[in-house]
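Look for subunit A in each of the two complexes below; its partner is subunit B in the first and subunit C in the second.
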Partner chain A sequence: MKRKTAGNIYTVLVFIFLYMPIAVLILFSFNSSSSTGRFDGFSLRWYKELFSDAATLEALKNTLILAVLSAAIATVIGTLAAYGINKIKNKHLKNGITSVTNVPMMNPEIVTGISMMLLFVFVGGLVNSKTVLGFGTVLIAHVTFNLPYVILSVMPKFKQMDKHLPEAALDLGCTPVQSFLKVELPQILPGIISGFIMAFTLSLDDFVISYFTVGSGFETLPIRIYSMTKKRVTPDMYALSTLIFVAILVLLILSNISGDKEKKTLTLKQKKRRKIVLVSTFSVIAAITLGLFIGTSFAEVVTVNVYNWGEYISDGSEDEDGVASVDTNKEFEKYYSEYLSEQYGRKVKVKVNYTTYASNEDLYAKLKAGAGGYDVIIPSDYMIERLIKEELIQPIASREEITNVIKNYDYLLRAPSEGKTLTKEEAEIFQKPFYDNGDDVYSVMYTYGVIGIVYNADHVSEEDIGGWDLLWNEKYSGKILQFNNARDAFGTAMYKLGVNVNDPTAEQWQACLNELIKQKPIVQSYVMDEVFNKMESGEAWIAPYYVGDALSMIYQAEQRGINLDFYYPTDENGETVTNVFADAMCIPVDVSEEQKTHAIAYIDFMLSVDEKYGAPAIANAEYIYYASPNRLVYTNPDYLATLDGDEEIIYEPMSNINELFDKYAYRNLSSQNLSTLNSNWEALKVESSSFNGTIYVISAIIAAAIIGYIVFITVRKRHRRKLYWEQSPTVGTKKSSSDSSADSLSDTVTIAIKRSKSKKD
Partner chain B sequence: MNEKKIIELKSVAKSFDGEIILDNIDLDVYEKEFITLLGPSGCGKTTTLRIIAGFVTPDNGDVMFDGVKINDVPPYKRSVNTVFQKYALFPHLNVYENIAFALRLNKVSEEEIYERVEEMLAMVNLRGFEKRDVNLLSGGQQQRVAIARALINKPRVLLLDEPLGALDLKLRKDMQNELKNIQRRTGITFIYVTHDQEEALSMSDTVVVMANGKIQQIGSPTDIYNEPQNAFVADFIGESNIIDGVMLDDYRVKFSGQEFKCLDKGFAKNEAIDAVIRPEDVDVVEPEKGMLCGIVDSVTFKGVHYEIIVTINNFKWMIQSTDYVAPSQKIGLYIEPDAIHIMKKSEFSDMFGDYSSFSDELEHLSDITEEEEERE
Partner chain C sequence: MNNKKSLLQRAAAAPHIVWSVLFIIAPLIFVIYYAFTDSEGKFTFENIANLSQPSYLEIFLRSVCFAFLATIICLVIAYPIAYFITKASPKTQKILIMLVMLPMWMNFLIRTYSWMALLEDSGIINTVLGFIGLGPIHMINTEGAVILGMVYNFLPYMILPIHSVLSKIDTRLLEAASDLGCNHFQVITKVVFPLSIPGIISGITMVFVPSISTFYISQKLGGGNFDLIGDTIERQFQTAYNYNLGAAMSFILMILIIISMTIMNKYADDDGGVII
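Then we have the complex of A and B:
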């Protein structure tokens, strides 16, 4: 009785452990506020928002189409493959092929993904196509990784099937094809269905492989969610995840029902009912997919492929008060279709294919690999420098021509600060930033921002703030957060020590490393996105972060009664010393002349404040909460009113932006500096701590225990075998099907000979 | 019995992975005949059946059906149907649909299908089972469904591959009778494969004894039992004492140091032979009245008779007698001339017949399922 109770408790604990995260996710998908820490009441708001988020729905649709198609294709191919493998007579060949088909399952996804991308780009190169990556390639990739799972679930059904069934069918007059359709197929159908469902779910949530093989203009849901990391994941994603979880759950239950574990005890009636359920589910899925296909198959005349950071454009979602923002991509489609229709004198439809990435390095990898097809990309400063150098982006226009090409270009102007007239050069800093100041214009600035320090005003005293040394203040040991990326983390040390962030000497590198090692014991953890929760909940008190996100953190914390504040670190002279970054719109080098005109129209539109089309530049600035370089934006009274005081923080750096760009912006590092940075970062990370040591010891103990156990088992087996293994005759020890008839015949003879011997005696 | 040949195998040979399974066999099957292929596991009987069905193509030789060569005719075009060892019923179809399967392929009208399926169900005593799930039937019922399914297309020849192997003894006896009745009523040629000699003797018109990929003897059950052609057949069919002997002259044979009268002739003078004496044909008599004398080793009660093992000249005889004798007792044996059957020496001589290590070993070995023989 006692044991039973303990067992029950254990079971419950396991279930809690497994399902707690999902329960929390489901709960918060019904939260009426966007808080991650507090449940403010039940609401369907995020579900509503989800269904008004066109880009996410588009991604969902893509994902579903991809999942159904890839699962269907993989099921057909996989079933035929299993049929073929099952027919192989040579045992070694059969086992060999089975193992080979299983390898891709064991293979890390990242390997599959990268190798697929390489193959596609390579083949694309052979046929001279730069835009080889796209729906087709993701589909091929998904079919490929789904195949082994289908084979794995169909093969056992073939093995279980009475192998005389196909013969019986032939015997009764079936041709081999009829035999497969009428007799074998019904037997393996449960395997096919569960294979299909498994493939469907795998394809549905695959991120890694999709990420590498997808091209422009196609975004799956996992990729979209992942790339939302520049800002943070919005609660409508909780709603979406909840829906996906429920859908998968239903599928899994169906797939279990379709398995034939209790088939024998079912009456024909029950079977029939189950068949109806299955058939109707599949027809619903098929109908939805078909509908989506028909919905998308209207030909678009003009398509603009935009590749941007996640959550980096005003996308029509609702804000805290339930007011919908402007969907700037939709507005562009409207505007440009009207414009082109007028130009061409016929109806033209415009479609923006908007996809997102998570880091400059991801974007670079895609471009470098030749995975083209993007018309507009929005990288950061140092990356633009690199792209220009490596000729991966093309000039938009010459500097004389640019204002004719981009009509709103002239508004990219710095505001004069009080009592100080700016030189032309100073005023045009946004037009001629350090990374793009040649004769040709390669980029049009989208936003810029600064890194500052967020701190908890309830715990951090006023006299400690102001500089970078707050991050090293031992008073707040264990409450300090640090960037979990090399460049930004080393940046904090460099700014603190007054080192040139773009070309430190060897001694300076060492000094920075020492500084960070010194800081390590008082750092709570190295974070990126986790910073939001840690700061908003009061778990940590001090963190360096980007201004837009910092403001959002402050707002969220306020809702939870936590008083956060923010400042830009200064040096002893009171001058701001911190990183400033800019993101700008560029056109990749492989964009054709015709596509380039569309790309330019898009870029120009993003600078526009035309009320008729929702004032896209203002809408974006309001949405992403970084500073806009556009004078039309930052002088707009309505915009300033919505910022409600935050404009002082957001636009503060503009007063000395030239100097900040000049001195503190990150440049493209030389390869030597880059490798020093990386090795130093590793050195910092492996810098021994008690935690790391414990982990090593525990891993070693576990490994030793496993090895010990294997040795023990082997030795015991050998010991047990020792007596009988060599002494017993081989008669009857082995009856494998391959040689048994020969054996039994020779056994007969052996025994008979023994007998005749005794007879002669 | 009709004398028209329906199936002829002409020096058919087959080997798998270099191992000879069938060694140039010749076999004629006549119309309306119940013919049984009998032999131990691995003798090639199932392979022979599968060659006739068309699942196995012979390496050599011809398969003739009604005098036409059918080597390359696929199974679904042969008017031959098979009852499989484990029935191979279609698990996704009910009893009615299983039986109707072949008719549906031929696009027969639903009315006719109904009529013929009902007729078949009546024949195999399964009326009222139409809607049953075949997976829920007993072994005997499944067997009947398999027979009905195979017969519905009115094949010229029905092949049965150990169809009763999985049934228990009582059911097997019933099914033997039923099968024989069905065969008589339908007049279809049955080719039956089994390793059970009793089954073969009681059901067949003709028995074909096979071993080592060769046909050892073809004949009626009585011929096979009474006139085995070699030591293998003698040993495999029933119990036999097979003794080395010498044919002194026509009707005179010498074994165990004694001379006996017999009914066989036509051997060379002093030719070495195998003499077969069935255990039930030996009379136990007083030692002084016996032609041979020996000491009883053991006695086992078998119900109808006692099984007595007696050692004479280092050879252990088996004798079946209704009279009890005690172990270690000295007894005499009396053998009538017509109890002695003389066989020429063969490759099987000296391999069988002595009961010194008598056990069920051989029985067990031949009970191994035919499964293993079927790999291709």
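Then we have the complex of A and C:
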């Protein structure tokens, strides 16, 4: 009795462990605030928001389509394969095929993912295409890892089937097709169904393999969740997970109930009814998928694929007071579909496929991998320089033509500062910035800003702030965040040491690396968009970040009663030394002429202040807190009023932006510097911050214990086998074979019997 | 006629064979190709040589240790629970197994993210501890948190195969053993445990392989301070754009896994007589 209670308690504890995060997730899906760490009251707000979150619903739809398609293809190929393999007589060939089939099952997912990515990239290189990765490649990858599971569940059915049955059917007058449909198929059907369901489930939940093989414009739910967990997960994702959880729970309960009934013998009628239910369920699923699929591919839809930084556009989310911001992408869809419909004289739907990246380097790697298919990307200055050099982006128009192409282009103007007139060159800095000042225009500036340091004013004392060394202050060990991208992270060390960020010497590179290695033990983590959550929740206290995001953090944190502040670091002379950057909209080189017109329309729209469509340029500036180079924006009194004093920080660099760009902007590094930067970054990343021997010692002890135990068992077994042979030679000659479990069973029991006997003696 | 027909029947496997060659074998060849070439496509051992630097060796060692500990902890937690589940009535058993499987249907990213909210210094567990007057315990961004994440995510993969083996054990064997004088403990160690080794072996494989190659868990719960093999590979492909180094790392990971599997299989052959 006692043992049973202990067992029950243990079981309950394990289940608490398994369900604790899920409970947290369900609880916070009902949170009234956007926090995923503090419960502020019950509300259904996030469920409401979920159903207006087009991107998430789209991702859900994509995931379902992908899962059904890949499972269906895998089921067809797999069933055929199981049938064929079963007929193969040559044992070696059979084994060979089976072991190759099982490779994706045994290999770590990441290896499967990257191996397929390498194949696709290579093939893309061969056909000189920059857009290999996409829906097709994910589909191929999913079919590949689904196949072994389908074969695994169908194969036994073929093996179990009585070979004579189809023969008998043929003898009795069936045609081969009839014999297959009436005799063989019904017998293997359960295997096929379970194979399909397994494949469907695996595909539905797969993240790792999709992550490496997915391209632009196609986001599955796990991929979307991944990019969300990189910044902040909005509770509407929790709401979706809760709904999925409940749906699966209900399904499992239902199947459990029907499974109980299955045991009873069914009458023919019941069987028929079950068949009808089964067939109709399948056809409903198929119809829905087909409908979704047709809906996406055959109606006239213009899609614009936009790849932007995280948290870098006004996205229609509500603030704490429940006031919704403008969803600029949605406004563009509205505007452009009206425009095109009028133009073409028929209804055209416009869709913005909006995905995000965390750093310039991520964007670059994606572009290089051939995950193209983006129509608009928004890299930073130095990256634009590099992309132009490597011919990865195309000219939008020539400099003379640009104002005809981008109607709002002329509003990119610097404001004259008080009492000083600007030369033409100075005024047009936003049109002809250092990274793009040739005869062709490659980029249209989106925002500009400065890197500064955000800190928690409740914990960081005033005397410590001011310079870059705050990031190295051991007093705040474990509360400091650092950039998770090479350029910005090394930038912090370079500014601290007073090194030229665009051309350091070899010694300076080494000094910076040492500086960052020195910093590593006190860094809580290396982050990009994760910084929002960590600073706003008070989990971290100090972080270098871009000004707009910093202000947005300060505002969000204020709502939660956390007091953040921000400064531009200065050197010992009191002069500000930090990075000034600009981000601009560009069009990748592989974008077709037709897509390019849509991309240009999108870029132009982002500069517009048309009230009819929510004044996108102003809405974005208000939402993301970055300085806009657009005169229509920064002179707008309503907009300035919403900034409530922050405009002084945001627009401070404007007064001498030309000099600042000259002095503080990152430039594209020489290839030698670039490779030093990359290898140094790698060196920093793999450097172990804290060598904690305990883990290794524990592992070693356990490993030693296990090896010792195995040796002990083996020796004892050998000894015993000797005894066993001596006592009962007749049984003993039948060497305990290793592939018959029945034998090892009897073996074990005999041993058990012997042991107990010897004990009695 | 007959020969033709059987050829035709065997040809049913053809699409699969073509698919396997194109999308299983060819990609693996590319991993090896990239692992032994430089960015210009020239043959080199440099990538592999690079990985013998102490810092990379530590990554390998760390990954192996973390995965090993996670596997052991999973086994220690899973075995008793699998055993207790088999002791329940068939109906309860079905429900309990369903409950074990249910979390696997939820996206693992979001469950891991949810652990962050639990483990943070200002997180839920520490808030609760604060209420009962216990000081905040630093949990996130430690080795323990990473291992916990692995154990949490892969525990069902250990419970299920062990349970499936345990539930198939002929109860008459246990009765025979007790009749013959085994006490309860002996029944477990002498009869139940040896018979369940096949389940343990497949459980170990199913936990160890994903643990050693994970990259998400360590980034979220380890704060990027404990680079594992998976993290390093992921970085080469997604940010650093160094496919050659990433491929070399994957190549070594594959070899590591093949070695561990072979060792496991050898012991499995000796002990339980099961080849996975």
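The rule we apply is simple: the second predicted complex is superposed on the first by the 434 of 761 C-alpha atoms of A that agree within 3 Å, B and C clash if a C-alpha of one lies under 4 Å from a C-alpha of the other, contacts with A are read in each partner's own complex, and residues count from 1 in each chain.
Here is the rule we go by: a residue touches a chain if its C-beta (ideal position, glycine included) is under 8 Å from a C-beta of that chain, and two chains touch if they have at least 3 such contacts.
These numbers were taken from a predicted model, which means no experiment stands behind them.
Here subunit B and subunit C are compared by how many residues of subunit A each touches, and C touches more.
By the document's definition of touching, of the two partners only subunit C reaches A:238; subunit B does not.
By the touch criterion defined above, A:213 reaches neither subunit B nor subunit C.
By the document's definition of touching, of the two partners only subunit C reaches A:10; subunit B does not. Once the two complexes are overlaid on the shared chain, A:168 sits against subunit B while remaining clear of subunit C.
By the document's definition of touching, neither partner reaches A:492: not subunit B, not subunit C. Using the contact criterion defined above for the overlaid structures, shared-chain residue A:75 touches neither subunit B nor subunit C, since it reaches no partner.
Once the two complexes are laid over each other on the shared chain, residue contacts for A:314 go to neither subunit B nor subunit C. Overlaid on A, the two complexes show subunit B and subunit C touching the same residues of subunit A, namely 737-738, 740-741, 744-745, 748-749, 751-753, 755-756, 759-760.
In the complex of the two chains, the subunit A residues touching subunit B come out as 89, 162, 164-165, 167-175, 178, 183, 186-187, 263-264, 267-268, 735, 737-738, 740-742, 744-745, 747-749, 751-756, 758-761. Interface residues of subunit C facing subunit A in the complex, by the touch rule stated above, are 6, 9-17, 19-20, 23-28, 30-31, 33-34, 55-56, 58-59, 61-62, 64-66, 68-69, 72, 77, 80-81, 84-85, 87, 94-96, 98-100, 102-115, 117-118, 120-124, 138, 141, 143, 152, 155-156, 170, 173, 176-177, 180-182, 186, 190-191, 194-195, 198, 209-210, 212-213, 215-216, 220, 223-227, 230, 232-235, 237-243, 245-247, 250, 253-254, 257, 261, 267, 269-275.
Every residue of subunit B that touches subunit A in the complex is listed here, in rising order: 19, 40-42, 53-55, 74-76, 80-82, 84-86, 88-92, 94, 101-102, 105-106, 131, 133, 135-136, 149-150, 153, 212, 314-316, 350-352, 354, 356-357, 361-362, 365, 368, 371-373, 375-376.
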